[in-house]
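These are the structures, in structure tokens.
In the two complexes below, chain A is the common chain; its partner is chain B in one and chain C in the other.
Now for the complex of A and B:
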């Protein structure tokens, strides 16, 4: 009969031959093609890959031990140099010392090696605290946006209360009673910086909730949890990723601020922030400014790269948001 | 208008209560028993910990202690500072004007620079000027504030010796306004730069969305000069989101002010907080959390009122 589809017809075979397995791959390729056009974002991404590689390979790349050794006392506050020196140590034995690219600090330790190891600490704290913040923010935002009503009101009041306290002030207060180690810093930074993500996620959920496929799922009796996780969340992933990237940048800045003022990572563990703390002294700044310049420059470059990448991601996900 | 202000004010009260709860939890939930820390185990005459506990009111349940503290705070009694030996309110009241001076000066600097640049970036979109200042904005939000401060001290105070390195004034007998202004310059520039960067981008996007509106096209069609179109019609509408954004800038302004104060030894609230942190002066820490939140809420309220004054549509809802 004419109403039955002919299995030999071209439309049926086209339907059968359409392979769904590479849809994600195709979407990623389209995304990457668009992202690539933003040169600053690509430059940022390359810089980040380079910095991550140096952080992971820090033990291999460091010419010196970041904790220093007994002979360092001979070389306190030495200027940066590009050539190796041969000198006798405290024990009289002649050794070749590799070049100190960033100079030495007030305890004679090589600043370059310390910067590499500090990069590990600062980057991992940034990544983990931003991760914690994104998870909490997504949970709070999705619950508030999806269920609405009283839950939304209560959660948003709570968010407003946290936003009303200036973050740095809150961090100083919390660190005074709870703080000190790298792990504590990670957790506390994560617990104080999730409010931005929650607002974006809530806004996305409010708009996606009204779309037809969500209404269809609700009518079919799909449970709330499944709707949130399978239907809405994958479509809200854009702002979450952008938030996460900007969040890492912010977390690195916050951690370095805290460490600089003595509240974050404690010496002798190196973090870019606490390396700058030691460089604050007026005498140091006049005589050995390299201690103050290089760690700060590294923070600047890292955060700038994350900001470029985040901005590029935002443009790629939704160019309507630009300008 | 009065109803609008009252409504906004009433909204803020539950927020303040929530903030007091958060403050009390943050400081008092931490592990550690103050009584056990106070008692010296090697002293000849031992105090009975229970008597001390009762005297300090630590034997009462958590919620009761919170309510007692809250009652005091509402009467204006923020407690006694451990370190200063004076009422917390007194210590904070002395430091408050210095923080306000620094924050206000930075806010003014940031707006005075960011608004014109934002306007010009929007008008001359994608020009060299625009790219230059977009880059500057990116740098401004990425630079660590304390590092910028260190570099400024290194360059302007130590190498060039144009400005002093720290403090609010030299110790003279008389009040020297010029000296105070000299001390104000570097901290203001450091604090203002961070705020400026974000403002520039925000002003640019506000201006761009105003320029693309229909009324601008109408004004041009009616033959108005480009200057009039931009400065009279587009700008007025672009300033509206800018006015609201001031309210949002205030918490980060205070955060930045605290860091700058500590770096430049500026005797403001941030520096007091840092001292309190190192001396474990909990009444001051709790008092500062409340005070800062109050300042932020009042600032947001003022910004909302400003917005209602500037945009008559808001008062109607």
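Now for the complex of A and C:
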């Protein structure tokens, strides 16, 4: 029985002994190894990284001004093309027009440039409203799950009440009074979509607070706030991240649906949803389908990718599915 | 002051829909400084609940009965505020748990978990804390403590984790260590090592220990004094040597007989017939009467009182002394 302090444990070696970067790195590697097995999730992640990059670089990548310019009127509903054209503009000066990869819309604006800029709006609506929802849902869920009793009843009945209202009707009502800007859409979507997360988090807390290490923490004199934030929350992070990923997809879809009804982000600001909305007439369907196909495809690919990544994360966080 | 903990008439109640369950019923004891007190009994006899009550941490559904007093070095634990209790927990009184596999938080590194108690109760520089963590880990016999401090619990074996748990409990030099079945989840060789370690540590830090176990062997090995509990009550008390040499209560006798022995060649293990009574329908008389080989008619009529016999011995049984309805005051 080595009761004597180990002579190697001189205080000089203490400093480097607490350098945890190595184990963190290992943990990430193990996580990545498991995540990598899910090919769909990896494909989704790559797609999302690519789409995010194009959204961030939209001003650099866009060949045209997404809001249009004076010469657009010459090219209304032009089909997609891979070649640049050279012709005189409204002012009679001849200039070169870069190729319109996704064609032009009913006002002659370049659909490709609009899709890139719309990606910024749609992705940030997804991220920020899911962020708001996760923060509220986590706070409500952890308070309800940890303290239980009357507080739990009150919070969860409030959640039930909110869920009893058809979200979309509520959204339409609020949006038609507040008016659609990207910011109001983010806030409203965030404020109405946290209930699912709060239930997941509550369920996690209910099970984790019974674990012995929580009791052990209580026995060391740790306060409730610290037990919630430092001891339980990190153990519940898996479901929170998963519901956040799914929430992003849901928010992008909701924004698109709102825009489709003309209640989302208002033109001329482009979002994938309002581009679809602008393309919902019979003339477009027959003569200029690219106005609907490209933003629709982008919504589809983004939402699918987020869902694949969410599924992959859920599998990775599930300890029962070992390698 | 000679005693660190004084418990008087402690009851822990659970109000259920079918009635009131008394998990602990009128328990009196004290723990002296530097002493190891053992509480022994079957599952559900209230021994763990007693430890939780000492920490002020009984489950939400339960309550401490009126008239119960728990004094920790003069502080009334039953009536103390949460903040007051938090300052005691982990600092002056610490607990070691039964399940080393689940008592460490999987997302914290060992070093961070041990340091937490220091962060809460001590003001010292981070480097001093880290040095203390390493010191504690070497104290409980963990090889290469620097490496262990930086690793996660899942990389450690059960015995190592129990050592870590003990190191955590010792972080602030507690005056009282509550060990709730500290070796039950470990295999025998590790069990022996951990018990040896706890004995050594006690000599070094001179803490009082409350050891809770259902294992008579562990209790015999470790304790100065022993309380035997049955169905929420103390049925016998005494110094370890006396109690093992001359058990006064039939239940204690049964417990001692059911220790397997290598020397005596027997076909079957001795066991106490019957089951612990349902806490919702306690027999009106002595709780042990239905299982007691010596039971007499009066045993199922009245509740025997705790008879103090001097030299720290006490027994709750009609067979010892005359009808002990009136409780002999301590």
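The working rule: the second predicted complex is superposed on the first by the 296 of 323 C-alpha atoms of A that agree within 3 Å, B and C clash if a C-alpha of one lies under 4 Å from a C-alpha of the other, contacts with A are read in each partner's own complex, and residues count from 1 in each chain.
Everything that follows uses one rule, which is that a contact is a pair of C-beta atoms (placed from the backbone, for glycine too) under 8 Å apart; a residue touches a chain by one contact, two chains touch by 3 or more.
Quick caveat, the model's predicted, so the values are computed rather than measured.
Shared-chain residue A:212: touches chain C; no touch with chain B. With both structures placed on the common chain, the touch criterion links A:283 to neither chain B nor chain C. Applying the stated contact rule after C-alpha superposition, one finds that A:256 touches chain B and leaves chain C untouched.
Contacts of A:163 after superposition: chain B is touched, whereas chain C is not reached. In the superposition on chain A, A:96 contacts neither chain B nor chain C.
Shared-chain residue A:231: touches chain C; no touch with chain B.
Between chain B and chain C, B touches the greater number of residues of chain A. When the two structures are aligned on the shared chain, A:172 is found in touch with chain B, with no touch to chain C.
Chain A contributes residues 157-158, 160-170, 172-178, 249, 253, 256-257, 260-263, 273, 276, 279-280, 282, 285-286, 289, 292-293, 296, 299-300, 303-304, 307-308, 311, 323 to its touches with chain B in the complex.
Of all residues in chain C, only 55, 57, 60, 85-91, 94-95, 97-99, 102-109, 111, 116-117, 120-121, 127, 130-131, 134-135, 137-139, 141, 143-147, 149-152, 165, 168, 193, 196-197, 200-201, 204 touch chain A in the complex they form.
Those residues of chain A lying in contact with chain C across their complex are 1-6, 8-9, 11, 13-15, 17-20, 22-23, 27, 148-149, 211-213, 215-223, 231, 234-235.
Here chain B touches chain A in the complex through residues 14-15, 18-19, 22-23, 26-27, 30, 138-139, 141-147, 150-151, 153-154, 158, 165, 204-205, 208-209, 251-252, 254-256, 258-259, 262, 270, 273-274, 276-278, 280, 282, 285-286, 288-289, 292-293, 296-297, 300, going by the rule given at the top.
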